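Consider the two complexes below, in which subunit A is the common component and subunit B and subunit C are the respective partners.
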Partner chain A sequence: MDTKKLLGFAVFLLAVFVLVPLFIGATGRVDFFYTLTSVALLSVGAAGVWLTFYIGRINIGQGAYALVGGYVSAILVTQAGVSFWLTLPLAGLFCAAISVVIGLPILRLRGVYFAMVTLVLTEVARLSALALPVTNGAKGITSIPLPGELSFFGLTIIPAFGSLSNPRIGFYMMAVVLMVVTYLVLWRIVNSRLGHLCRSLQQNEELSASIGVNTAYLRVLAYAISSFFGGIAGAMFASIAQSIYPSSFVVADSVNFMLYCFLGGLGYVFGPMLGTLLLYFGWDLLSIAKQYQLLVYSGVMILLMLVLPNGVLSLLDKKEGRA
Partner chain B sequence: MSTILQIKNITKRYGGLTAVNDVSFDVNKGEILSVIGPNGAGKSTLFKLISSFVPATSGEVLFNGERISSLAPHKVARMGVVRTFQETTIFRSMTVRENIIVSHHLRSRASLFGFFLGTKQAKDDEAAFAASADDIVDFLGLQAIRNELASNLPQGHLRALGMAIGLATDPKVILLDEPFAGMNHDETMKMVGLVRRLRDERGVTVLLVEHDMPAVMKISDRIVCINFGQKLAEGTPQEIRENEKVIEAYLGSEDAAIGM
Partner chain C sequence: MEQIIANGLYLGAQYALIALGLTLIFSLMNVLNFAHGQMYVFGGFVTYTVVVQLGLPFIVGLFASAIVLAVMGAAIEKFLFAPVVRRSKRDESTMLLAAGVAFFLDAVILLFFGEKQRGVPKIVNGVFNWDMRIIMPYDRILIGVLAILLIVAFIAFMNYSKTGRAMRALAQDKMAAQLMGVNVARYSMIGFALGAMLAGLVGGLLVTITGVNLGMGGPTSIKAFLMIMIGGAGVISGAIAGGFILGMMESVGLTVLSAYGDITYLVIFASLMVFLAVRPQGLMGKPWG
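Moving on, here comes the complex of A and B:
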């Protein structure tokens, strides 16, 4: 990392960890914590979707993994008494594991065929949550306790959220940490050989195989990482809401994850993060349009895709004359 | 002279159409062997069978005595049998150099996770790939376009880049599908020289499919001619040139004169 990037990263950390909480404290708009926590977590899920785009697959199924992740964490916490902090990685790993089983057959499909199957996945996840005994049907799982204390050898790393005067700040901090780690991992993937191989897959799978890349393995690997991100995002959401229902993540959420990526830009690691922020706030702002909210929103989206097909971040490219 | 590749009674059927029909021949180590035949004769299909990109209906391919015909294509590549494509096949949104570097994948000693972490081994690998890529750039005379985006290249350079990608895998046998297509006479002669040097300097065994007969006659040690999926003849350029069946096949086809 060169100094300019390092500086940018430092400014970003300062902004999300210090300036934003200060600002919210000064204005007293604590509800902003909730909004920004959602943005951070949604952008974690979107990062996964972006990675599947990076191997050339349109993924409209991230909602399914968010739902599964949410349930895994909720069930483990409420029924087995496992610490939330342990269920977080477990939810991710569980999602990664099932995504391997699902991905092996479906990742052979390309283009619209893969996209359609992933779209169906979200619905399958919802129906499974309704039908399985362990998920408690339509009533869902409620009154999930707040995350407890996380400590190593008696040293408290994270205090019990119940003891915080404002658990919202706790969730906000936690979500932002997750987001930062997620995007660091993503950035590292993209800038290492792993990412170069993903690009080769995106551009030409046959040629990729002919230079010796195990394309089936790489596709499944990328999809598993993607689903891991979806799973931990879902687990966090369930914990914040202290509840999860079959309808907590639906097809519209899967579509939104994809739109965040499109809007931010498929060629930029930080595209999905920016896309999530813009779209989430954009939707809220459009509430002034009342019953026309969805209409205006859709119109603006279509317009943006026409004008900026490579995402909002492609604006930077043009300015620097790299386009 | 030892045999490096044995093609044994290989057959490929697509539905009712037999694209390759019971073809057998051996390839000697270090030779340049051309496969010729009219359009649709089954040459590209034969190459896809050898590199295991499509499964054979029956028959098999042996590489150094080992059966490779049912392996996944990346495993065949790993063993050293690599094909280039008839259609211009490159990584479009990478530069020439990036194309070549990424194609060094088979030579990596670090694991994917090692690359993610940026271990010393991974850094060494990347440095070695970059150096080797520059060698290949020099070898093929691509210095002037090394940082050019592949999608901006003219046809002639694309062919050379396709070969560079193949070379990066460090093949023992390379299968070139129409390497001279779309080139003028001068470019073809330059490419003929390169293919020779590939064999002479890098010890690569070369199989190639080509329609440019003067180039084929000039470059090949031996030629295999196929028509309607079947092997018509096999021999030295001289023998093929005088073979009745070959002449007949070419006279009866659209692309007319064998041009000798």
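Moving on, here comes the complex of A and C:
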């Protein structure tokens, strides 16, 4: 990692951890904390979708794993009394395990077929949540307690959220930490041997199989990692909203996860993060347009696609090309 | 039992018509048209406007929605999809565009027609009753028959007209069709317009029975995706088969599984995944779409 990248990373950390809270404090728009928390969490889920794009699969099923993750965490916290901090990785692992079982058959599909099956998967998750006894049906699981204290050997790392004077900032900080960690992991994956192998899958699966790449293993692995991200994002969401319903994550959310990746740019690790910020935050800001909100939003989306069909971050490409 | 089959056929005829439009667009341009459900709803609203608000006969409304949707489809292809397909690095980028179009149509429907459920008065009165074994209102039978006639007309058009032949050639092999002198840009536009027109026609037909509302677009798209997955994406016979199979499954499921609660679609989805694991390209599809 060269100094320029390190510097950029430091600036980014400074911006999200210091400047944003200061800015919100100065303007008094406390509701932005909630919006930005959502952006951070959604971009964690979008990171997963992006990884499946990276192996050449269109994933419109992230909402399913977010829902499952949310339910796993909510059920463990409310019914078994497990600490939220333990359920967070458990939710991710549970989703990863499910995704291996589901992924083994469906990852044989390609192109639109895979896309459509994953889309259906979101509906399956919603309908299962309605039908299963443990999820409490359409009433969902409500009044989930706020995350408690996390401590190692008596040393408090994260204080209990209930004791905080402003849990919103707490949630914001946590979501952003989660996002930063996720994207560091993603960046590390992409720039490792695994990442190169994934890229070979994206370009030509038969060819990479013919030179000895274990494609079946790789794509399940990538899908499991992707679902892990979806699961922890969902678990965090459930704990912030203190509730989860079968309709918490629906097909529209799955489609949105995919759109975030497209808009940011599929060729860039930080694409999904930027895409999430633009689309989600943009939608929030557009609420001033009242009844024309959706019209303006979708109009801008179409325009962006017409001008930059390869994502917003493809602007960087052009600059490099000229220089 | 007869009732279940009759219901299944009636549902299947409508579904097949929706799936035909979607599969046509997919086979020509490799675009998964997320906005298909919205186009269907739009067609329903056009018919509603013409029939109820302008007081014209139903058939005029049906033609109006076909024409409006065909023009809209052609414009969307020419000004949105064609440029993006040409310039984008990956085929899938059109998905964002299609989703954007879906949102846009939702917004337009909301602004023009409002969020209320709208319907057209019955075009034929009375109920067909065969010895209490099959009970079906006449208007449903009429719509079902019209849908089947449209499907037959569409197949005939694709098989015997010059335009239809050109589009089939395009779907089979774009490069070869181009070398044989098929104007790819023009026929892609016609195909998209035709697909949108079919969606508009179904909307116009169904507005007389179930009515339309803003929220119907998304779920309709998902059902259409299901059908073309069952039959195989981009294959016309597959879309028809998929439509009828889904219609039958829904009709049987709603009757047989009603004792266990609302799990018909869960069962359909689960069996679809098992089916696709065994046969990824659907009933009649080409491997890897």
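The working rule: the second predicted complex is superposed on the first by the 321 of 323 C-alpha atoms of A that agree within 3 Å, B and C clash if a C-alpha of one lies under 4 Å from a C-alpha of the other, contacts with A are read in each partner's own complex, and residues count from 1 in each chain.
Here, contacts are C-beta pairs under 8 Å (C-beta built on N, C-alpha and C of every residue); 3 or more make two chains touch, one makes a residue touch a chain.
The model shown is predicted, which means the values in this text are computed figures rather than measured ones.
Taking subunit A as the reference, the larger set of touched residues comes from C, when subunit B and subunit C are compared. When both complexes are overlaid on chain A, the residue A:V82 reaches neither subunit B nor subunit C. In the superposition on chain A, contact is made by A:I211 with subunit B only, not with subunit C.
Within the superposed three-chain model, A:R193 lies in touch with subunit B and out of touch with subunit C [touch as defined at top].
In the superposed pair of complexes, A:M173 makes contact with neither subunit B nor subunit C. By the touch criterion defined above, A:G299 reaches subunit C but does not reach subunit B. Of the two partner chains, subunit B is the only one that A:Q203 touches; subunit C does not reach it. When the shared chain is aligned, no partner comes close enough to touch A:A241: not subunit B, not subunit C. Once the two complexes are overlaid on chain A, none of the subunit A residues touched by subunit B in the first is touched by subunit C in the second. Contacts from subunit B toward subunit A in the complex involve residues 51, 53, 72-74, 77-78, 82-85, 89-94, 98, 101-103, 105-106, 108, 112, 115-116, 118, 122, 125-126, 165-166, 168-169.
Touching subunit B in their complex are the following residues of subunit A: 188-189, 192-194, 196-197, 199-200, 203-204, 206-207, 209-216, 221. Residues of subunit C that touch subunit A in their complex: 26, 30, 32, 34, 80, 83-84, 87-90, 92-93, 95-97, 99-104, 106-108, 110-111, 218, 222, 225-226, 228-229, 233, 261-263, 265-266, 269-270, 272-273, 276-277, 280-282, 288-289. Considering their complex, residues 53, 58, 102, 105-106, 108-113, 115-117, 119-121, 123-124, 127-128, 130-131, 251-252, 255, 258-259, 262-263, 266-267, 291-292, 294-295, 297-299, 301-302, 305-306, 309-310 of subunit A touch subunit C.
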